[in-house]
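Next up, some structures in structure tokens.
Shared between the two complexes below is subunit A, which has subunit B as its partner in the first and subunit C in the second.
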Partner chain A sequence: MNIVPEKSGLKSGLDEGLSFFNKEETKRPCWSCESEVEDLYNCSHCTALQQFLKDTDYFTLFELGYLLTIDLDVLEKQYYVLSRKFHPDYYQKTSEEEQMISLENTAHLTRAYRTLKDPKKRMAYLIQLTGQEGDVPAAAPAELFEEILEIQEHLEALEAASSDEQAQWMTALEADLEAMEGHRDAAGEKLKALSFEWDGLEVFRIDHSYSNQQRNCLKEMQRILSHDSYLDRIVEEIREALDEVG
Partner chain B sequence: MSYSDKVIDHYSNPRNVGSFDKKDNEVGTGIVGAPECGDVMKLQLKISSGVIEDAKFKTFGCGSAIASSSLATEWVKGKTIDEAFKIKNTEIVSELNLPPVKIHCSVLAEDAIKAAISDYKKKNEKE
Partner chain C sequence: MHDKKSHIVGIDLGTTNSLIAYMDGTAPRIIRDASGRAALPSIVSFDESGDTSKVLVGEKAKEKLVSCPERTIYSVKRFMGKGREDLEEDLQLIPFTLVGEEKEAIRIAIGEKRYTPPEISAFVLRELKSRAEAALQAPVSKAVITVPAYFNDSQRQATKDAGRLAGLEVLRIVNEPTAASLAYGLQKEKEGIIAIYDLGGGTFDISILKIRNGIFEVLSTNGDTHLGGDDFDQALVRMVRDEVLEQHKVNLNQIPELLQQARLISEDIKCQLSTKTSATFVLALPKGLGAYRREIQKKEFEALIQGLVKRTLSSCKRALADAGLKVDDVKEVVLVGGSTRIPLVKESVAALFKQTPHSELDPDEVVAMGAAIQADILSGGLSDLLLLDVTPLSLGIETMGGVVSRLIPRNATIPTSAKESFSTFVDGQQSVSIHVVQGEREMVTDCRSLAKFNLTGIDPMPAGMPRIEVNFLIDANGILNVTAKDLRSGRAQSIEVKPTYGLSDEETEDMIATSMEHAKEDMEKRILVELKNEAETVLRHSEKALKQGTDLLDDEEKHKIETAIADLKTALSNQQGKAIREGLNRLDESTQKLAGDLMSRSVKEALQDKRLTDVEG
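Moving on, here comes the complex of A and B:
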């Protein structure tokens, strides 16, 4: 299955046999007829719906490789295909076990879709999946913190300002807003570049271990992502304050 | 969820808001953030012969974060560095009656104290 825009020339890691899951690992007995199941979703013997393996990761669930470039149209189509497969409506007349599996799989699928659809969530998920999380002490972006605290003072000043002084603080905060949005755009650009870098490396990964280059790439992504919540929060606060006055 | 009286008191009347000169050798600065909510806290200690003489803070965050840092600045004053280093976030939680969802605010305050002390130590070991 093609998961990336064709023009990029990238292939899914899964197609290349680079998946974390190989067939050996997905083999398990069918809960219904006890024959061996290889398929992710159904028993090939009795066709009973199968529960996802506990740790079927979101990329594998969608039959994607561990790549950050995802064609959202393809993702959406696959989501609908899988939704139809698991939808509880189709299992109303089946056994309770199968109904339960249908519900659980649907919930898991929805979480997976929401995560993969959002580029930042997708990235954070990949970082978590590859066990990078916690490896890096989330280095405090001290400069950003200083900026935020300064803006905080402007916010307080605006709140306390008399009607004569308001315009002055609003101008200051508008400049702050522009600066913070600028940071956010720059971070977005860097993340995009890192995504491409990751995908380029991932396509050529030949075994289960990551190269240092890949690890560094993940670390850098994690560092930039860690600034994200601060930027979102301060941008939101400035907007609210300006809306209230304006 | 409502804030406890102590949180409201610290929030509406925060102690020790402000800052010291970061470059002063007697000043240790701790600046920390909580990525889960975007709160930022700066806590500064003025230290003389191993004793914390004064403390100031600035916090961008919710009422609990402001109250936690305000309380932290009150508590560290007069303590030795070692005593201040031992302040636990759980003590802040019980003093302010913080609900579970706000425990990270107290963690932030504890981290800020520790960061400020490390900054002070780092500055002064060179000489």
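Moving on, here comes the complex of A and C:
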């Protein structure tokens, strides 16, 4: 699945020059000099690096809206900008406390980037963030049960096969692989469509008050995402089995 | 005297050779020894006494490989952070003795003493440190040390320990291919996707990087910490060993000196075959058995190593897949490490990436240069450059049934962290143990055990009530740090760490303390040796002078000198440093007049001679 980098009509916060932080909410005392900090990252008084606000979600950290179509190039640029602000390389000569903040901020940043960079992880994170559903476990699509049972049989047969029989099961599994990749690509397309749908529903705040339409969209995303993870796993399993003999 | 700027040095602590570099203005510079050699062989040799003050390091130790194979340690990097069970295959081809229990750091036995791999590496680091101090005319106490990208947590920790034991504050552990990319990128101001293929003496790494606006972002890395030039040598050794056994009925495994010789000849043959199509292997056998002689064709050698080279290519493919890239996306390929001089390696890499790989920068020196650049970044010099590296292996914890629950995936950019909540299973339980593993497999038994943690001091509560949040943080060195918090009380939880293959902090502290003690001891021993040499020389001269100048002395003077000589001889035989020093002073004092008289007589004689010659001439 590849939702990005095609540019959608929707713009990220960065393009608009918007800040998704509410100035009032970000006010807090500096850990170092205790004067009030207004700037997001550094104290305007003593320039000490500040810890992230507790519960800053990944979308907010990157100053993006709660959108699923993200321009990866913009995301990367923002990641580099923030890395240059936080990275421990630049805090070698500061106090131990500031070094620790730099380390924790960078760790949080890299985790956020890793999640947002990958369209599926991004979607799973949004689902979790909205608190609509819990985790997104891998689950087999019900309509594919029979096919999947057959694949398991083929996998077992290949493992037990003598060298003369191998070719036969390999051919069968190659066909299975193609079929599963097809299903996975279809799931990817569905996820892509759902991402566009979500972005059109204009969710600006994560406050657990969603319209039915928004709720349904999240539910459907979760369902397809579970299938997709499952299909990913089985494709990988078949590939490994084929690699082992081939 | 000019201002002594404290330098942070960059060190490439290699399997076969080690190098040290520093930043000279804006260019990295390798520090060479007096004879202009950049590479210090990573070899440490002990004499029969096992005395640490008489340890040889580098070229001098290399000379001992064949004459003292049991006490000359090479390729110790391969044992860093490892246990006995990891090394079964190596044991039979190593002439020195490795000891250790399962699931414990391996130790090297030298006589009665036992050394951990970090302690051996520390000898190499100390040598590099003093080389740098002599060249820079300033103390060196801070360093960036490189490790293979595919080193796991225990191996990184062991490297850091080695630095500490050598008296170096290790500011950063940097991955070798990434360091190489810095040196390469700085030189060329490249942008785009590059692949660094690093095949050294003992390890192989492939790293895929994206360079953009001075940011070096590692996208993925893969490799094998037990695959390198050593293995190519060993492939030859095995062939020779089998043939010698068959043709001459001599078992090299039972003759360490010969085995070592075979290994060294193999290394030489390997190098020869990089430029020639055949080379001759000659090994002298024990007396009366003649010699083993064999012409080895390049093709034959290539057949022996083909499987190993193929393994590196599979790693490259996996790294590309993990980065989500195809061969065509890679703009340039850079070769690092001495083993990339082998034509088969070069050709294979070129074929895989469909382009001629770069090797303009010396593949042996580029890593140390990169380490010096990173050192400069850390000291605030090159602030435009930023390196974003990754952790090579997934990090997880053991859950029910020995299954791994993955917390941080491989190729995650570091520093990074993950949180996990834990609770108790039985009422009133006051501690929870957590097993941290590293690796890509599903079952704990197939992964690398890193450490076991005990969360202690939990308030007694019904089962499942306590909520302890554990934060796993991988720092910029790729080393795991763990902290825990009781979510109910907000209190920090104490953690007891038991690294599986490494040394606990206490053990390292102990070693540093012992090495300091030994340092003092060693110094005293060295001083005594020097004093004894001086005393022997002075005695020799004094006795000679006494004989020559006996007519110049009265009885009292003569007696004084004779007593002083006798006293010094006694002090010397008692090996007492202080008494030797005093005896020396006294003898010196008592012979001063005689020395002066002798001197003037010889001058007089010389002048007389001269006059005679003048007359005659």
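Definition applied: the second predicted complex is superposed on the first by the 203 of 246 C-alpha atoms of A that agree within 3 Å, B and C clash if a C-alpha of one lies under 4 Å from a C-alpha of the other, contacts with A are read in each partner's own complex, and residues count from 1 in each chain.
What we mean here is this: a contact is a pair of C-beta atoms (placed from the backbone, for glycine too) under 8 Å apart; a residue touches a chain by one contact, two chains touch by 3 or more.
Since the model is a prediction, treat every value here as computed from it, not as a measurement.
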### Task
Identify the partner contact of A:His87: answer first if only subunit B is touched, second if only subunit C is, both if each is, neither if none is.
second
### Which superposed partner A:Ser229 touches (first subunit B, second subunit C, both, neither)
first
### Query
Does the superposition put A:Pro141 against subunit B (first), subunit C (second), both, or neither?
first
#### Entry: First (subunit B), second (subunit C), both or neither touched by A:Ala107
second
### Query
Now for A:His208: first (subunit B), second (subunit C), both, or neither, which partner does it touch?
neither
#### Entry: subunit A - residues contacting subunit B, complex
138, 140-142, 145-146, 148-149, 151-153, 226, 229-230, 232-234, 237
### Message
Per the contact definition, I'd like the list of subunit A residues that touch subunit C in the complex.
### Response
76, 80, 83-84, 87-90, 92-93, 103-104, 106-108, 110-111, 113-114
### Query
Where on subunit C does subunit A make contact in their complex?
171, 212-213, 215, 377-380, 383, 386-388, 409, 412-418, 473-476
### Message
Can you tell me which positions in subunit B touch subunit A when the two form their complex?
### Response
31-33, 35-40, 42, 58-60, 115
